[in-house]
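Next come the structures, one after another.
In the two assemblies presented below, chain A is common to both, partnered first by chain B and then by chain C.
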Partner chain A sequence: MTTETPPRRFPVGTHPSADDPRILVHDDYEAFEPVPPYPPRTEREAEFYTLGEGELLLNVGPQHPSTHGVLRVVLKLEGERVVDIDPVLGYLHRGVEKLCENADYHQTISQVDPLEYISSLFCEWTPVLAYEKLLDVEVPRRAEYIRVLSAELNRIASHALFMGWFALDLGGLTPILYSFIERDEIVEMLAALTGQRMLFNYFRIGGVNGDLNHEFMSRLGDWMSRATTQIEANIGLLNENEILVRRAAGMGVMDAETALRWCMTGPNLRATGVPYDIRRAHPYSVYPELEFDIPTKTEGDSLARYLLRAEEIKQSLRIIDQCLERMPDGPIMAKLPRLLRPRPGRAWAAIEGPRGLYGVYAISDGTDQPFRLKIHDPSFLHLGAVGMLLPGNLLADTMAIMASLDPVMGGVDK
Partner chain B sequence: MDRALKRRLESRFEPVLRGPIRQRHDQTEIRIGPGDVSEVLRTLHDEPEFDFKVLADLAGVDTGREMQAVYHLWSATTSDWLRVIAEGLPREDPRVPSVTFLWPGAEWMERETYDMFGIIFEGNRDLRRIYMPPDYTSFPLRKDFYLPDDSARSPGAGVRHVERTHSPAGAPADVRREVRS
Partner chain C sequence: MTALSRTWDRLTLPGKALAILIPLLLALTIGLVVTLILFGPFLWQLILDNLEIVRFVLASAILLVIFIPIAFIVIYMEMKIIALMNLRIGPERVGPWGTLFSVVHGLKFLLKEDFIPTRADPIVFTWAPVVVFSTAALSALVLPFAPGLYGQDFNLALLYFFAVGGMTVVGLLMGGWASFNKYSLLGGLRSAAQIVSYEIPLTLSVVGLVILAGTLSLNTIVMQQGVSGWFVDWYAFRQPLGLLIFFLAATAEANRTPFDMTEADQEIVAGFATEYSGMRFAFFFFAEYVNVFIISAITVVLFLGGWQAPFPVPHFEIHVDPGQLGMGLLFLVALAPLVGTLLFAAPIYLLRSRTRWWVALIVGFVLFNVVVGGLAFLWAYVSIDWVAGLFWFVGKTFALIFVFVWMRGTLPRVRSDQLMAFAWKWLLPVALLNLFVTALAVIVLDVVQA
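Here is the complex of A and B:
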């Protein structure tokens, strides 16, 4: 094991910014020099790390509270305006796809759980759905309803947390305390159902792990009786806040064509006016039987993305109501052997998560392990579009834009 | 399964298709050569009869014999997901044209596929590693990249060991298993 570091491209005191007397440069730092210590690999990288007149590079992260995880972003600034950005990923990369290809079908469910740790049930749902297509399994209706019920609860928990986080990134501390009231109640509820607070590991191939129990139902009933008023109150706390509205309106504007070209999905795409929701565009599970609307906005800015999520919480509450009303009796698991060996084939499954399209592309070669498991995460693509949205904005507004896209680094880095 | 989509695809892409169009569940699958990727995807995106506006996913696949680039597309004109497989990329030098001219958002997906499989997307302006460190030399999701630790074991490992002893003698030695689909 060598401890040698690669030779620095800019030895101490020779960094381009060092000539500028207006800029204070600490010569003795080692950890994260914005300029990488190796020659550029592509033309784009060379172009980015070449400074023009009056430009400087600023390193943000990897440990920075408003990067929502372990993300490093190199910003190219001219004065206070952002010229270009270069996100550096990989600080959370665990190689989940490789681990899944070396685990059997049941084990992969717990491997994909921590990807989007804010909404793990959606991470579990996609591979489970893909395996059910590979195996041609019919899932019992009660299991489908329980899946929809728990997943919609998780969607509310995720959106509630987003709304607090968004305000926190803009400098408001109070809303996140209120959103954690909602999230904590839902998480405790799901813990009663699944046994875990965060990484639920609840869905199984062919059904779910456990049936609805008394504690879950009583907590849910308790919460549902006051959820609508409480969430309205939380939303009102922010929506009527002039500082937030003024800071978020008109930030990071995208039109529908651009959003589609940049592969945006979920609320970020619907905020531009495209009513694309997989639950309606390509229905799965029991969503065709349920009544709900797909809210859209046409502004395509940070405020629209924020308000849209507030609307979605209300739609999720509607879905939960219908699930409880229609919940059928019956088994919660299909009859399946313990060691699954699907016929050779390929399957793609996609669902609508809180952040957009989650997808899994699974290939079976007839053994008990997936031959290939490609996990598609929306946060990854949304973060990729930040480079298109930021240039021209002020440094202080970068977080208003990035936070409104709601990326979760666990999913970005896989 | 959308039979009408199958007929439309057949009549339009007859000369470039490799093998029959497969349909299973809610998916339609076509296979093309790497040279036809930009033309086929451009037609699928631009023509109103197809109108595939959403690129849902781009995945790399190493079958052991060859590399594949797999695109999943969504359109309002059909109830199916369309899977376009660019097959026959040689493992030594896999190359396929970039689709960033249609979907700029595919840039990061192509970077990821390059990082994991070494597939070169010609025309991508920023094709460098995205997850692994820049001085990394191998491609982790290739089938000849073994995991050295216990995570490579599973309850079925013994069963597969028996299978491998019965595998044909001509199978390549450097890959662990091959896809038979």
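Here is the complex of A and C:
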């Protein structure tokens, strides 16, 4: 064994690409730095990849254990303190909007399903709502109630998963498995209703795919009888934990004005004190008939975002109770032709999902395919705020702050 | 020549191995016997003259070897207990209740590729796990496991323990620096900062105890805790604050939750061990669990009475003279398993009609062994000192290890600045206060008695 470091495979200046001025990699040593192998394209990039005294670049992802999907972030660190970040998106890009524009209206539903794979029903609901506006159809009331019921269940599943992941990113091993119990029960009962555990493919233009069945109802009744106590217990497991509270309080603070400027919606906005909920602000479906509160917090930090989601779970349970109570009889599908050709026109539909505003802007040109479909996803906007929240924090908090905004990479990259 | 090579070719692989091994062993045995005959008395005298050195070498070798199974047991414990706390099943496939799981784990490490990343420093990279594991194992050299069962006993044992235990940070820094990976570097630096900070409250928390004990020898400290035979003599009752500080600081020293920032997988992947694979990673892995065992053991030794039982245990000598029994003893030894097995098997076979006779025999044999083993343990416990000592020592140590595992299953991780603030703003002043109060109490008591 020698004391010398191993010889460089390409001594400086001899790499095959050394003559090409567009490629900056002269040496395999430089290949280890997370610097893009091309000259900076923008001023911002040039500024970011020029290192100051005592700074270092740290590549996080896309295979990092806790980036919640395939997000890649280049962090500029000074010691352990984050100075600046450069997110690199697009690892999960499928071109969903274009796929939808080249298929007929019904096929949109299965295309948008995997966008936010944790809360698929909301991804289905938005284009369905937009197409219903284009077609000007009346959805049967029973179908609307079933939609609200299943979507609220999905919201609880999504929030339960969030709470587990958040604790896991702060280093707690156990809560994720407890919250997976809730999620698994909900997912199983939705599977009994829709046929799938994750990508439900359940909503249809003008109604839903199947009526409530016995297995779903028995599972739901069984779970509802103990849901409140179980969820209370799971929340208490974390809320009363001194270490978690001390870490999450004051972490990633955002005031209401900033949140509005960054187009935040959903729990992340309500955690800053703005009581904006689309279910109340721009009511859709049967939400005007249902009683529920819009919980808000004023701190705007990670703890507030976490506690707010715990509150929302309880409100969702209230909504489910009312849905079961008022469930009307009747058909579950409107009468529609098999091949849909809406009149030429435009429609915008927005719903309140577990992460915020899910919107779809659809343009019809009178054929059987949408002319243009623009999908608005909250995860993408929330992830944008990370660049504002992270600098100044420690490396230990980066993942937890990201997790507290609850982005899903499928929706970010579309 | 041809005949020889043809014979060699006709041998199977085990045959070839035997053909090499038998002559080799014969030659070695003859050499050993000749050496012993010629230099035996001289060698024996050499050993007797350097008994301390021989003892040291033997104890180090034994400790290095026994810590692998201990690490296996602690790993299995952690997996199973955290699984139960997580409402999972945990390892269950390999061996009864998954007990052989960590053995398979170790075999897997042996079979993995031994990998040194490009541009890593090969020498430092290779030696880092060695340093970490050997310091962990060597710091156990002074632990008194039972009366008369210890590696070394000298009057600076506690100082030696802290000095060698603190060397771990060198190995972690080596691993972090040599890996040529920024995550590893961050992990190594975190561990350096953390261990250096917590070394101070850790050491200060036992100074009060040392003032009370008047010695640094761990053996003497354990002896002092068993004067009356009851657990009130333990230092935990005279230094409760010291125990608390020591336990917290030791948790941080061993990089355990909630102070496990050096290998926070949500932040820096696996810290200093990110680039390690195969047996090198296994040694880091073992060292972590050996450290858990050792800090539990030293807490038990210092504060929880070491190998002393919590209550006085009757000690008798049962004198049996085998010569008096003559042939009767031989018959007894030969027949006891047979008769015992039949005695235990008979009720099982007779009372349950569906039981096969051979099942009843197997169960009877197992029951007989359990009962005889229990009786033998009881006999050994009351009449052999170190059996009782080892029993209590291992029991207390594993109870403490359970606490560490419990904390891992329950608590999230603290942030590095909170960790440092806790060490310097809370633990250090409280440790100093504890030291001050203890010293004052000792002086006042001296004055009062004088």
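Miscellaneous remarks
Going forward, the second predicted complex is superposed on the first by the 381 of 414 C-alpha atoms of A that agree within 3 Å, B and C clash if a C-alpha of one lies under 4 Å from a C-alpha of the other, contacts with A are read in each partner's own complex, and residues count from 1 in each chain.
Just so we're on the same page, a residue touches a chain if its C-beta (ideal position, glycine included) is under 8 Å from a C-beta of that chain, and two chains touch if they have at least 3 such contacts.
Computed from a prediction, not measured in an experiment: that's the story for all the values here.
Taken together through their common chain A, the two structures put chain B and chain C side by side without a clash. The larger set of touched chain A residues comes from B, when the choice is between chain B and chain C.
By the touch criterion defined above, A:Val253 lies against neither chain B nor chain C after alignment on the C-alpha atoms of chain A.
When the two structures are aligned on the shared chain, A:Leu51 is found in touch with neither chain B nor chain C.
By the touch criterion stated above, A:Ile243 is placed in contact with chain C alone, chain B being left untouched.
Draw one line from the C-alpha centre of chain A to that of chain B and another to that of chain C; the angle between them is 150°, to the nearest 10. Look at A:Met399: by the touch rule set out above, it reaches chain C but stays clear of chain B. When the two complexes are overlaid on their common chain A, residue A:Ala350 makes contact with chain B while staying clear of chain C. In the superposition on chain A, contact is made by A:His93 with chain B only, not with chain C. After overlaying the two complexes on the shared chain, residue contacts for A:Arg261 are found with chain B alone; chain C is out of touch. This overlay, made by fitting chain A, leaves chain B and chain C with a least C-alpha separation of 25 Å. Shared contact residues on chain A (touching chain B in one structure, chain C in the other): 6. Considering their complex, residues 82, 85-88, 118-119, 121-123, 126, 180, 182-183, 186, 190, 257-258, 260-261, 264-269, 408-418 of chain C touch chain A. Those residues of chain B that touch chain A in the shared complex are 24-27, 29, 53-57, 59-62, 70, 72, 74, 76, 79, 81, 83, 102-109, 112, 116, 125-135, 140-141, 145, 147, 151-152, 154-156, 159-160, 163, 177-181.
Chain A meets chain B in the complex at residues 6, 36, 38, 41-45, 89-90, 93, 95, 97-99, 101-104, 107, 133, 260-265, 276, 281-282, 339, 341, 344-348, 350, 357, 359, 361, 363-369, 371-372, 374, 376, 380-381, 383-385, 388, 413-414. Those residues of chain A that touch chain C in the shared complex are 1, 3, 5-6, 28-29, 32, 56, 58-59, 64-66, 80, 167-174, 177-178, 181, 241, 243-244, 246-247, 394-400.
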